[in-house]
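Chain nomenclature is as follows: A, B, C, D, E and F, assigned in order of appearance, with residue numbering initiated at 1 for each chain independently.
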Amino acid sequence: MNDLGLVYRTIERAEPAAVEKLSRYGVATIHEAMGRVGLMKPYMRPVYPGARTCGTAVTVLAQPGDNWMLHVAAEQLGKGDVLVVACMTDNVDGMFGELLATSYRARGAVGLVIDAGVRDVAEISAMKFPVFSKAINARGTVKATLGSVNVPIVCAGAAVNPGDVVVADDDGVVVVPRALAAQAADASEAREAKEAATRKRLAAGELGLDIYGMREKLAAAGLKYVD
Amino acid sequence: MNDLGLVYRTIERAEPAAVEKLSRYGVATIHEAMGRVGLMKPYMRPVYPGARTCGTAVTVLAQPGDNWMLHVAAEQLGKGDVLVVACMTDNVDGMFGELLATSYRARGAVGLVIDAGVRDVAEISAMKFPVFSKAINARGTVKATLGSVNVPIVCAGAAVNPGDVVVADDDGVVVVPRALAAQAADASEAREAKEAATRKRLAAGELGLDIYGMREKLAAAGLKYVD
Amino acid sequence: MNDLGLVYRTIERAEPAAVEKLSRYGVATIHEAMGRVGLMKPYMRPVYPGARTCGTAVTVLAQPGDNWMLHVAAEQLGKGDVLVVACMTDNVDGMFGELLATSYRARGAVGLVIDAGVRDVAEISAMKFPVFSKAINARGTVKATLGSVNVPIVCAGAAVNPGDVVVADDDGVVVVPRALAAQAADASEAREAKEAATRKRLAAGELGLDIYGMREKLAAAGLKYVD
Amino acid sequence: MNDLGLVYRTIERAEPAAVEKLSRYGVATIHEAMGRVGLMKPYMRPVYPGARTCGTAVTVLAQPGDNWMLHVAAEQLGKGDVLVVACMTDNVDGMFGELLATSYRARGAVGLVIDAGVRDVAEISAMKFPVFSKAINARGTVKATLGSVNVPIVCAGAAVNPGDVVVADDDGVVVVPRALAAQAADASEAREAKEAATRKRLAAGELGLDIYGMREKLAAAGLKYVD
Amino acid sequence: MNDLGLVYRTIERAEPAAVEKLSRYGVATIHEAMGRVGLMKPYMRPVYPGARTCGTAVTVLAQPGDNWMLHVAAEQLGKGDVLVVACMTDNVDGMFGELLATSYRARGAVGLVIDAGVRDVAEISAMKFPVFSKAINARGTVKATLGSVNVPIVCAGAAVNPGDVVVADDDGVVVVPRALAAQAADASEAREAKEAATRKRLAAGELGLDIYGMREKLAAAGLKYVD
Amino acid sequence: MNDLGLVYRTIERAEPAAVEKLSRYGVATIHEAMGRVGLMKPYMRPVYPGARTCGTAVTVLAQPGDNWMLHVAAEQLGKGDVLVVACMTDNVDGMFGELLATSYRARGAVGLVIDAGVRDVAEISAMKFPVFSKAINARGTVKATLGSVNVPIVCAGAAVNPGDVVVADDDGVVVVPRALAAQAADASEAREAKEAATRKRLAAGELGLDIYGMREKLAAAGLKYVD
């Protein structure tokens, strides 16, 4: 009944224009613009400070402690893809290192998001290949049991389908469903424009209490000032 | 019976001279000088390496996943203040970002200590606004339920009263009660002077065993050497 | 029946030539070359990015919250040693700081690996004294209860004997038993040579599936491609 | 772009016959019969030993620290339903207690699965209302912000759609997609029959090595016996 | 500047009548009645199911891995007291066992709340001496370094002063400040009376939506029903 | 260089008389009698309350998520043995269930200690087969990669050699090295006798302060009483 042992070769990726537009915005902005959904758990961290990626998801469901499918997935990666890896159970072994990073980059991939461990941190940082993981761990893995490629997965608490847009930066990782990519990009643009105006007023000493008109609601909720 | 929904506008801050003097010493030194008390849990980490702050506490008690009171608190911040935020229950949502940092800085605040999450890490790092938090998380919050400002709180395991001195650096966050600020600053100065002398002797190859006179106590405790 | 309160002054250290050769390879490489054994838990992290050490182990078994034995151990440290500290129970207090780093370096030690906390992060980073720990914590410790020096320990899940080689970098910490040091160094050299060749082919766009000859085994295991 | 603030009143539930048949089998059996998929994270535990439930999912997506939607969901519960609650971010507040248990039971519900905390453990245990949660926590929640009812959710790492079958016992919680319920029930029946035969042989002293025919594969993998 | 090494022999305990009245209510009820404050972290669990206590706090601040002060505190325990123990840093060693339980009971104490570990679980359960702890751990402790008795502490995230009322049951541990004991007891009584009426209506099939009058507020907040 | 893929068939077990004598004492007593060493981490918990075992260790080193070696080990189990399982990396999958329990019991084994997960909790509890594990988890495992049997392991932080005595009860799991079994049993007997006398005095209201003669040492350490 499960999908194990299957590699789906044909997936529909989000529109390139929407992906490009989303790449201009930060994870926090996109997440807010979408209505505060789609975020992975905050334990997902960049392997080096300033890492940032935005691309279309190729997904992997892997056994714990087994990176066989990460080799299988390499063949399915195309230009602009981000590999997104979920494990069948919690695992922090080092499933990915510098050699796979070299291979993925050669295929055109622009990043890796993995709910497990990675290694070769120094080399990956030097390569500037953006990797977001749950852990850093020199521990190697076996190649013994099948998983799947391009099936729907739950990665770090977020549902991901092949072809969705994945954006990651210092603030975390957000998933934008393929069908909503253009809409999310537009909403991000609008949000950022609005924030630029707010930023100026805050820098000038105005209070959010006034800019956002919160005082009345706070009073209605019962807020009391004591001198 | 609780203090929820209250904003205390008048607080007594620690003496500026004592705050200034404390700002010269590291968290580990102050914590030792005070007799090893006042430290927050070690999960409190700077958002960027080298972040450092020392100021007087304005406190917030907030609902989990709700940053309404961080906007209310902005108005209570004065020059040299550090906002210290505790949540009513454990929470790591991103309650604070670049816009609030802009606002707080405009008010004269010199830092944020928050037992929860923050976001806009890249922007906050670029601004050099010192933030110490439990987590980094793009996840946004609602503005729906009241908490309080300038009430006594327990933040990351440490009791904090409004007006206390809060010092934070790469080693963690320490709270110096307002009434003890001058005394703690003097004790820190004395400790640092003593350590400077010890450092020279250790660098020259002398052993702490001899400098601190430990050999006799160790023998009395039963230490045995085996060749 | 335990070894508490004992300091073994005479230990047999791994061959200097083997230690030197091991120092050329990364932790992930050595761990793989040894057959994926000897790794400490991944919570052991460098205090500053890029920290790296390779030396012979002097071991300490300490009480939680008590760093007395770290002073006793200083006297047992020789040129090229790495102090490896285990606690009798889980503890993250700051057992080590800049003064001990100064002392250890003066004795010729080349690093510290500690299953507990350390402090004075800024100073240790500036000194470039390589430290790998479970936590960063300003919290100080007492000097009240004996432990032991140079007894077999379990540190962060790995068995360590005095004189073993300890290698640590951004990927973690690996222990090479003294008797296997030369063999592990040779195996690491062989592995790295092989990887260099593979890296070139991967960078040129070849797939690991083909380089490693995985396709047949995957098919035998039942992998199916779906278009 | 999100579904917040929506209550879907019409859902398609799994076939009653399949639900009934699944109720005869344990979580471990069903999970294996499905091919080792659909399991929630192991931190989901019964509130009292021996708790067990099997029913059709009504889903809730809630704000952290806010149980308003658990009241809204009560109206959507029918006979044989299990309420499954996910939070928008990690939270362990006590969102559910004895009063809601009374209400849910009155509506015909047969259990609760919640990726958060519950309270009134003594009362819920006495009522024998099966509850599976991440935590036990007296901490109460507010009723201030909307979530949704009967939208697809990710609960404790597992994707759940309204109408899916949820089975929970001392071993954990498994989700059976609505469309696969009958097939999973049949596979569970087959697995249990097979295990009954194996159990007898193992109890008689036969080895799994022989019953499952493992010796040849182990030898092929390189297993060696040393006397 | 700290209070280490001090035993305060004279403390003011909450009124016996208020303590007795509080003993009739559960932790969740009291916590709600007080306005959702005073609760310890949910990791505090009873050593045996059904454990329950209510008494006046005698407090201890102890070193990690050192239970000397638990012997000192025995002498300060009177009839109806609950010993509340905080450690200076996180620690889960087994600081308390059956012998201390025997001693405390002989002194009239009615329970122990400890932010650390305990052992002799079988014996303590058989004695029915109510113990609430962070961990169960056979690991013993030393008696080497002073702490204090009857100073203000932060235990499991909650501020506790000597003489406060501590109530603990299967749902957790709540602290009622001495001065608020009578008021909290009355509020608990009122809350329980109100809940009894609500319980009947819910059991009869009425919905909280109607009993609590939530429908209008939900609609105002934007809740939409979809058929 | 590792021992993977090896099954050592001949091990030397601790003397039966010493094992029998150790079986009379609790884990806390034995751990103290040995000088506070040999204890596993406190996350090792019994699967059912009151579980208790004492036997000679047959050890397994397994891959994460792979229980093949637990079948191999069954053949090596003899009367009075306890299987002790360590994983090569942290893992909580359900590696053991009721069928293996049936098999192990048929071979004469008296318990299982596993630094991973187990399932079939209800059945194992009903069988009264003592199991101590890190987790309960319905998640099944593969049978694909070799580990070893009867090699030295580190299990839950404790070093275990084949033939050592393993004692487990509600307080945790302690390892007694084979060569020290008789000595540890005698020391446990002596400790228990002494505690029986102390218990009577404590129950009569005497204080540990007086029984253990602590008052003088406390005064010397600087303890002060304040009225």
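Operating definition for what follows: contacts are C-beta pairs under 8 Å (C-beta built on N, C-alpha and C of every residue); 3 or more make two chains touch, one makes a residue touch a chain.
Keep in mind the model is a prediction, meaning the values are calculated, not measured.
Listing every chain that touches chain C and chain D alike gives A, B, E, F. Centre-to-centre, using mean CA coordinates, chain C is 42 Å away from chain E.
For this pair, chain D with chain E, the centres built from the Cα atoms lie 31 Å apart. Multi-chain contact residues of chain F (touching two or more other chains) are listed as 36, 88, 90, 92, 137, 139, 145. Interface note: chains touch in the pairs A-B, A-C, A-D, A-F, B-C, B-D, B-E, C-E, C-F, D-E, D-F, E-F. Listed in rising order, the residues of chain C touching chain F in the complex are 1-2, 4, 33-37, 41, 88, 90, 152, 154, 157-159, 180, 183-184, 187. By the touch criterion stated above, chain B contacts chain A in their complex at residues 5-10, 68, 71-72, 74-75, 92, 94, 97-100, 102-103, 105-107, 117, 119-122, 135-140, 143, 145-146.
Listing the residues of chain E that touch chain C in their complex gives 63-66, 88-93, 137, 139, 142, 144-145.
Contacts from chain A toward chain B in the complex involve residues 26-28, 31-32, 36, 39, 42, 45, 50, 169-172, 174, 195, 198-199, 202-205, 207-209, 212, 214, 218, 221-227.
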